[in-house]
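Below, chain A partners chain B and then partners chain C, in two separate complexes.
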Partner chain A sequence: MAEQSYTEQEFKVVGSRVRRPDGVDKVTGRARYGADAFAPGQLVGRILRSPHAHAKIKKIDISRAEKMKGVKAVITCDDLPDLTGGRGPNFDILVNCMARGTALYHGHAVAAVAAVDEPTARKALKAIKVEYKALPHVTDVDAAMAEDAPIVQPGVEHDGKPSNIVNVSQFGHGDVDAGFAEADVIIEKSYRTEQTHQGYIEPHACLASVGPDGDGELWVTTQGHFTFRNVCAQLLGMDIAKLKVTSSEIGGGFGGKTHVWMEPVALALSRKANRPVKLVMGRDEVFMGSGPTCSTSMDVKIGAKRDGTITAGQATLRYQDGPFPGPWGMLGAMTSWACYDLPNVQAVAYDVLVNRPKVAAYRAPSAPMAAFAVESTMDLVAAEIGMDPVDFRLQNVAKEGSKAAYGPTYGPIGIEATLRAVKNHPHMKAKLGKNQGRGMACGFWFNFGGQTCTDLNIGVDGTVNLTMGTVDVGGARASMSLIAAEELGIPYEKVKCNVGDTSSLGHNDTTEGSRGTFSSGMATIFAARAAIDVLKARAALMWEIDVDDIEWKDGAAHAKGIEHSNLAPLTLAEIAKKSPQTGGPIAGHNEVVADGAGVSFASHICDVEVDPETGKTKILRYTVVQDAGKAIHPDYVEGQFQGAAAQGIGWALNEEYVYGEDGRLQNPSFLDYRIPVCSDLPFIDTEILEIPNPNHPYGIRGVGETSIVPPLAAIAGAVSNAVGVRLDHTPMSPPRVLKAIREANGR
Partner chain B sequence: MPRVSLASGFQAAVDGAVSVEIEAATIRELVRRLQEQYPKMTRHFDEGVAVSINGEIYRDIRDLNIPPDAEVFLLPRLQGG
Partner chain C sequence: MRYEAPSSSKEAAKLLASAKGKAVVLAGGTDLLVRMKSGAVEPDLIVDIKRIGATQEIKKSGNGFKIGAGVSGARLGKHRALKKAWPGVVEATNLIGSDQIQGRCTMAGNLCNASPAADSVPAMVAANAKANVVGPGGRRTVAVEKIPTGPGKTSLKKGEIIESITLPAKAPRSGDAYLRFIPRTEMDIAVVSAGVNLTLDSKGVVKKARVALGAVAPTVLLVEDAAKAIVGTKLDDDALAALAAACEAACRPIDDMRGTIEFRTEVAGVLARRAALTAYERAGGKK
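Moving on to the complex of A and B:
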């Protein structure tokens, strides 16, 4: 790890707010997203989805559709045979992308067509006859845990009986019963959060092409084209090397595009039709058939001394996973108490199956809900003992040497720094008016690194092509260009960074877990340093001196020693120009497992005004404080903080999947599922803390996820303080706020 | 000899123990010896296990030395968004 360790240095271009390289393409419409690909002879793919929440598929008759003019392929699960062994995550992906005997939720894919145009494809879907036998369904997490609940997946057992409880996780240490016995004050409260979608503007889209030789190509909007390649190749029985996957420009992902949804269907259609197939989800399909986060039901109990010392914390978390098991409850349990140093702590999480879409990662997955419950209870305890909520948190804050509730002992961490920044922030001292309230909350996310591979190639004019394999979801091309320029000592404008397809680089893990800048930044540094070694060797040839007599600084080779004082420095461009005569192309390459990402913390402040007549909440002011380790491009870092807060605001106030008694999703559109728009949001203030990560040469930490963790609790605190009654259920929509006010007033 | 603590999901694979002692100088050796002594751990390693050493979480690196008296924790492999 030594070469990966942090070294303090003065940066020349890193940390500057340079122009983003994708800006012109995006504002002029030249950027090519998932649906913008075209191939000669391409067909239009469409998916037939279950109208039932839970149903046996007795028969699918595709014969009429197959005979229709213009229809080139119709597929069912029979065209996607199980090559996974019938278990594990890839089997779940297979079942999710095409139902196998049972439709598990409203919107579950049951068949698909490829036709010459959209109207023909739609007509073909109507011509497919599916005979269902409706089964009892369950969409609520608490109802799904009841003894008499309909069973979503036969074969799942809990305590030796058929059950929807698919996993129980427990973390913690100490003796919580003894801790509560020591407490002067004990607060216990239950909370609920409704299911939300990541809300990316660009729907899932891909263009698949499989030739008669079995080789294939896939153009797709994704956060991880290498992972998509590996999964799709396994599901379709293809060699990994013979499926080339290119990631398009991405119109938002936030975790939802880390998962394979319909791409195997597009490839199977193409294979059957022997033509390229473009498959683009409609917005209703995005809601029904891809990636919401969990809804939850949670109980939290905190005991404390009157002096503000917490003696015990206990959380019971129930997360619904959709119809397939996931790590979601477990992640909630791991993150729930991570901000605090507690002697006695326990978190128990239940992952529960229901008849809703397969749950996907959503920015710091599972942490916002657990933080909502824990942080809200922290506020209640602080109020009960008459202590300032920031001071109460500071008194119990986790520090270097604290044993995290999820197990390990922390090294250097930044939670206390964010809390002190919040305490001293002018926002905390600003006066509030009538019907206004303020809340604050903390949040934690792990961050991680992973497999990364990068190429750096220097052109004969001295410009640099940097090819990275992590999809740019939040400014990676600008950040990597800054890092390459910093290392090579050349202007930012001389570097062009591209995302390579799967045939051009070794495997790169998906851009998730706030890993993009951390891991590709590390690989870029090492690739640039490898290229500098080549540049020095070429300069040595040009000068006919020993390479050990050459050092690289300020973008040029410098000959060391008085005996070489007559040699003027050779710039990168001068060396590159002579490269054909000194050995050919100059390049640097690196492959790395970038571990040691370091945990991340944020603290937020929020002011709201609540209309007591309508229950509508307006966000008046919002401040994010987060540790970035080192902000490579501060604009993008601030953008991540602001974007995460904006998503959290939508989650807290408006967004929710609404299911009818029939188990059907009632609001699969942006008209009825309300994400925040500009007029809903104030300018979100940010404060970047830079506490270097000791495990990265530049001190980088991931920044993309942590700031979605505190908003639910911070806003709940603000709304509760504004209306005088504690809100315990998100979204805190106007009807829910009004109901809470009326119940508090005995009406 | 490092004492290796295990997240609850792994404890059934080591006969219900909260922690076990494993003689290992690197993460790779730790993973190998754990599977030798507790074959049921193999399924977990196939699905993904993160190793925390003195508070730092490693998802993939295997050739890292484990210092004597290090705190070692086995955690489920994390997923992000």
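Moving on to the complex of A and C:
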């Protein structure tokens, strides 16, 4: 599509730091999140969860709970009959939202109730009697790959034998053996990362209502209400058009709200009780019953010549997916080498099942772990050959025309520019004190486009309603309003952008893969251009001239040619005012599969200080440099950079799922699952680079994810430099760091 | 569930003693309400002690400070004389939670919740604080280290409440300090902690010492060997090493998600050393 390609232009409002449209509602508490919906007669839903890591469910007796006063429905998997044919991603969602015969992890849902109030619902849960037979469990990825490991899902085979390995993916090119044979220096090292959760502050919450006619409504905190509708409709046996899903304001998702967890349960409860049901997870349920990212175990080998040329790179990645297969290992393998132009490269990934929660996307899913292993090894090679780590990376950096290890040949990309910016950044030259260290690392993310549908409606007063279908998780309403204002030539304040429910627009893919601004931005441009065509036609009618004699600029129709020089421009507001007489409402619409998302790169610098007696790390200074393509609203772009870095810092230093010998999650709370608090972080500096994506009219790339990729490695480098020992296991929590120091000192 | 807010300790004791089912005391509620919300306790009777006059006062006398069991961390932190006399105790209490928690949490609640990781407790133990207990059988005074008997358990008998806590009058040339280790900077629970209270002679030699450790045993430990290691010294390096070693030897921690045995043991010594140096400086010692 020609019109999709980038054209250089002078922007009027795009790129300005306008006031966010949702700010007042959010700071005054007027904004309505997932748990803020109420319906007359609504019931309280609650879920009973497995106390076992792995167990056969022999019997569930709900009879006592059903008879309790105030209990309106009790359900088990029998109330969610399988309509998926027993396989595929939606079957996995069904099994995950309510166990079918086997509890696959600690926290797996086994039954649910709807009652008139919370205490009654709690009592009813206690009255449900479940008979379990405990099965052997496995929660560690390496243990799950061992010969005699307990099998998580019968039927999964690898090499013709029952196994927990569900997928093996391989990417690369060249001949790595030949490459290593050419190398002067070869470094090989193993790494581990523990499992982390997205840690969104808002727990999963929804209000479901299914009427006696079978039609339903769902209010839910989600990143993709259209996807939720399609999944829930299939699982419940409803017509897609008869389930209306409205997305609430969202208190963070980071991938965790791309996935359906408990919404089918709420709908099934409502259907059985014939009343609306509100279901809100507690924090413990969010940790146990939603989807964290993988824990991993990885080996990386890099060979290089003394002059700094990499001759070969090889990575073996083991990602645990929870009890259901996912694309996670594959994504790790694809992203692992993406920053570099390598002659001989290979990445092999294993997706492995364990008795932990089903893994979901977490911001640039799978890329941070692979980058931790690859970038850490890059540092080791640079040190071994005595080269500056930035120069070493620059020497091997991917450029336009480089063939990526995961397949494609790159167009214009920003990795080299971010590295040069890092090299010249004052942060890189600042002095370090005692017990302090500096690290840097690079990161990559694909970004995504996908199906998008947008409506633009012009009111008679010349204000504009923009209805988009991608959930606003990071400021999209502001960005879309800026784009509509830019195209139409009107002030930002004249545009009001809303997220439409599933009955008001065609399908929109979920806001994931940093696609929101890229794809809805594209649809908004095209919808605005369609509206401009209508505006011009109306002006032609008002002027009684040919529409071809009209051009649109600065928010008004202008008649071209000397013969029309007596016609003063007609503004959008003037045309809109006359619209009832000239053919009715003025609107523009667009539906598109937004192809050509631009890949994005970032390079980070981090300084830390480590207390050598306690192993505690303090982040002293942190700088993010990332290519945004085009920053539509720079405040939000910087916010995404900072937020991604903050999450990476938490992951690097303290966050981890801790499992006991019994396979139970020990720390399902924000007390013992330690995300950073405000005072843990310095102000995170940002530098936005703009290398336009050739496949977007404004040059937009996604910005939301890439910057969670470098922090693990950047911080590992900094900590290692501060203490003089290489850290190879995240989180680099104080006990781990102190142990590493102690061992290095031979104690 | 019944809620009562009596106006005297005697009345509170009577309500608690005669209660059928589970009866609990409510001070700030920052432990209790959280436990109720999670379903960990389901009380039949709640006796709120904040309407009792004596629980709301901070009284200074020749014997020291009597701090009511309803006094919040925030109020404690605003009390100049108390801060001057017992900076370690006040700082320890002020570490609890956040601004919101500080507005409600109490030292007595922190003590009676009986967590080995409670922040104010090692500081109170080092300070030689006493709990003033009122019960159906009258009043008694108990050393704070005798109140918790294990995680979540106290030596208080049915019907007994702590009405106030007494901190002794500050001795000349004395100082106290408290340090905790948390992986973050705030909103966290001590992985290990140390409270130290020192009295020096006119030459800067440690005359008396009390060293307490938190989160390294089922209850807060008063480590007498650690005190012995520094009495008679000016906290020279050898004395500090001996102090750390004595602390390490006293530790009986568990391995859990918050820290390993070896980590807690090693860091207990580190914190005791650092807290001792601060206490020494506060006592007027020069290094």
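One rule holds for everything that comes next: the second predicted complex is superposed on the first by the 747 of 747 C-alpha atoms of A that agree within 3 Å, B and C clash if a C-alpha of one lies under 4 Å from a C-alpha of the other, contacts with A are read in each partner's own complex, and residues count from 1 in each chain.
To be clear about the criterion, contacts are C-beta pairs under 8 Å (C-beta built on N, C-alpha and C of every residue); 3 or more make two chains touch, one makes a residue touch a chain.
Just so we're clear, the structure is a prediction, and the values are computed from it rather than from any experiment.
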> Touching A:122 in the superposition: chain B (first), chain C (second), both, neither?
Replying inline: second
>> According to the stated criteria, A:564 is in contact with first (chain B), second (chain C), both, or neither; which is it?
In response: neither
>> If we overlay the two complexes on their shared chain A, which of chain B and chain C does A:515 touch? Say first, second, both or neither.
In response: first
>> Looking only at chain A, is it chain B or chain C that touches more of its residues?
In response: B
> Given the touch rule stated above, what does A:305 touch, chain B (first), chain C (second), both, or neither?
Replying inline: neither
> Regarding the shared-chain residue A:616, is it in contact with chain B (first), chain C (second), both, or neither?
Replying inline: second
>> Residue numbers of chain A touching chain B in their complex, please.
In response: 1, 88-89, 167-171, 198, 254-256, 258, 327, 330-331, 334, 361-365, 404, 406-411, 445-451, 512-515, 593, 595-599, 695, 705
>> Looking at the complex, which residues from chain A come into contact with chain C?
In response: 122, 613-616, 653-654, 658, 666-667, 671-672, 674, 676-677, 679-680, 733-735, 738-739, 742
>> If we count contacts the way the header does, which residues on chain B are in touch with chain A in the complex?
In response: 5, 7-9, 47, 50, 52, 54-61, 64, 71, 73, 75-76, 78-81
> Where on chain C does chain A make contact in their complex?
Replying inline: 39, 181, 183-189, 191, 256-260, 262-263, 266-267, 270
